[in-house]
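In what follows, a single structure is set out as structure tokens and then discussed.
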Amino acid sequence: MTENKLPYNLRFVVRDYECDLQSVVNNANYQHYLEHARHEFLISKGVSFAELHNAGIDLIVTKVEIEYKFPLRSRDEFIVTVDIQREGNVRLCFIQDIYRLPDLKLVAKAKVTGAATKKGRPVSPGNLVLRLGLES
Amino acid sequence: MTENKLPYNLRFVVRDYECDLQSVVNNANYQHYLEHARHEFLISKGVSFAELHNAGIDLIVTKVEIEYKFPLRSRDEFIVTVDIQREGNVRLCFIQDIYRLPDLKLVAKAKVTGAATKKGRPVSPGNLVLRLGLES
Amino acid sequence: MTENKLPYNLRFVVRDYECDLQSVVNNANYQHYLEHARHEFLISKGVSFAELHNAGIDLIVTKVEIEYKFPLRSRDEFIVTVDIQREGNVRLCFIQDIYRLPDLKLVAKAKVTGAATKKGRPVSPGNLVLRLGLES
Amino acid sequence: MTENKLPYNLRFVVRDYECDLQSVVNNANYQHYLEHARHEFLISKGVSFAELHNAGIDLIVTKVEIEYKFPLRSRDEFIVTVDIQREGNVRLCFIQDIYRLPDLKLVAKAKVTGAATKKGRPVSPGNLVLRLGLES
């Protein structure tokens, strides 16, 4: 895969404190990277995670699937991609990959399913879907 | 489900720093809980994650699937269960659930697939399988 | 120092994900331990950090001083102590030590200064001081 | 203070997972920011933290003092500065400030004292001192 064919993506560098005693990035930190890339993606579409929260709507993650292909190490640079699909009436599905730079080696593949909720109950992502350019 | 029918499990309490601005435990932290429970489980079976690492063998996670059912909040007490299955020749599969206490409300369901590696290559978990009481 | 002469203290075990590539607990995580012990101490005195926040009052940390004496490693057990002093009209000062178990080796010494704030401005800890058994 | 008079500095953006239930960056995460900026500073001087570790030398932090002046919130951009001084024969002292962007509002002031160690014992930072441009 070449970098100019990639979907939305965000660039990171591994910080030493993200590595654990196996000298690689701790598995849970990939979820942090994925989350930060999703939030920046949503903001690039005009959707603020924090503003939504203040308005009583939370975008919550209902399912995470991550395949770990190759570990990131201290100071590796990498990108996290974000693509989005609608799934049924209330779910949004984020397809996210992590590639090391500059060789674009595949580090991890993830599928993150989310839902919009109000007071803990699922609501139609309605307006969100329009902003994200998905068919309503 | 009643607590005395549960498989191996470890008790935790949510620490405030584990909660994010949605006032619930951040999704990535569930992976920390799951990891800590797996490591304690392995130690209870005589398998030390850190000692294995010093001997050149790393137990790595190749895939994580987590379904988030109900969020944990500040100071909630909960347990993380660990059950293990063999999958093919080189993979071990951990089935892990998280239940809030004292009502045993289901918080999350996870399946974590792991492999033993030496210098980055998969090796048969062999000896491990015996210690864990799985058929070889 | 013997354990039965210690002030309020909370017991922990190092979780592997808290260690970094130097194979010791990452420095920032000691601040997590200290925070969790302070919150549990406050709760033991009837002061809920999360409830205060919902009532518009935040206990904020204004200064942290930590001396690192000896590193904690994977699976070490340890205690974090909490003692409290009033400092002037608006500040509370937490004196906290970390000792490894079972030898009570000194791991870290900390002084954490805090203040009560409402809408970002310092307020007298008043009621808090009474609950914490400090002279008002 | 204007940005072009600042010492070495590194730019960051707050990631949502770094905020806690008070909706501000959790105190311990400032230590992460400070650490990452120090490591990048050292690398800019040709000193690799991870390579040193592999050569048996660890740069350890012996003391951290942080004054929290103003909290960072979701998506704030900020810089972390790094200045270094020698302290006696075996200690290095990092003077670090955090400023929010674009207004350069002071967020935190820190002094981090470190020492070079080999097998747990302090050694003269010798060669390091030269690379860092400090008088030996």
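To keep things simple, chains are lettered A, B, C and D as they appear, and every chain counts its residues starting from 1.
The rule we apply is simple: a residue touches a chain if its C-beta (ideal position, glycine included) is under 8 Å from a C-beta of that chain, and two chains touch if they have at least 3 such contacts.
No experiment lies behind these values; they were computed from the predicted model shown.
S.K.: Could the interface between the copies chain A and chain D be described as same, meaning over half of its residue numbers are common to both, or is it different?
M.R.: same
S.K.: Using the touch rule from the top, work out which pair, A-B or B-D, shares more C-beta pairs.
M.R.: Ranking A-B and B-D by C-beta contacts puts A-B first.
S.K.: Work out the mean Cα position per chain and let me know which chain is farthest from chain B.
M.R.: D
S.K.: From the mean C-alpha coordinate of chain A to that of chain D, what's the distance rounded to whole Å?
M.R.: Taking the mean C-alpha position of each chain, the two centres sit 28 Å apart.
S.K.: Provide the C-alpha centroid distance between chain A and chain B, rounded to the nearest whole angstrom.
M.R.: Centres of chain A and chain B (C-alpha means) sit 23 Å apart.
S.K.: Mind checking the centre-to-centre distance between chain B and chain D? Centres are C-alpha means, answer in whole Å.
M.R.: Distance between chain centres, rounded to whole Å: 34 Å.
S.K.: Give the residues of chain C touching no fewer than two other chains, as numbers and ranges.
M.R.: Residues 16-17, 21, 23, 26, 28, 32, 35, 50, 74 of chain C touch two or more partner chains.
S.K.: Residue numbers of chain A touching chain B in their complex, please.
M.R.: Within the complex, chain A touches chain B at residues 21-22, 26-29, 31-32, 35, 50, 53, 58, 60-68, 71.
S.K.: Taking the touch rule as given, give the residues of chain C at its contact with chain A in the complex, in rising order.
M.R.: 16-17, 19-21, 23, 26, 28, 74
S.K.: For chain A, which residues are in contact with chain D within the complex?
M.R.: The contact residues of chain A facing chain D are 15-17, 23, 32, 35-36, 39, 43, 49-50, 74-75.
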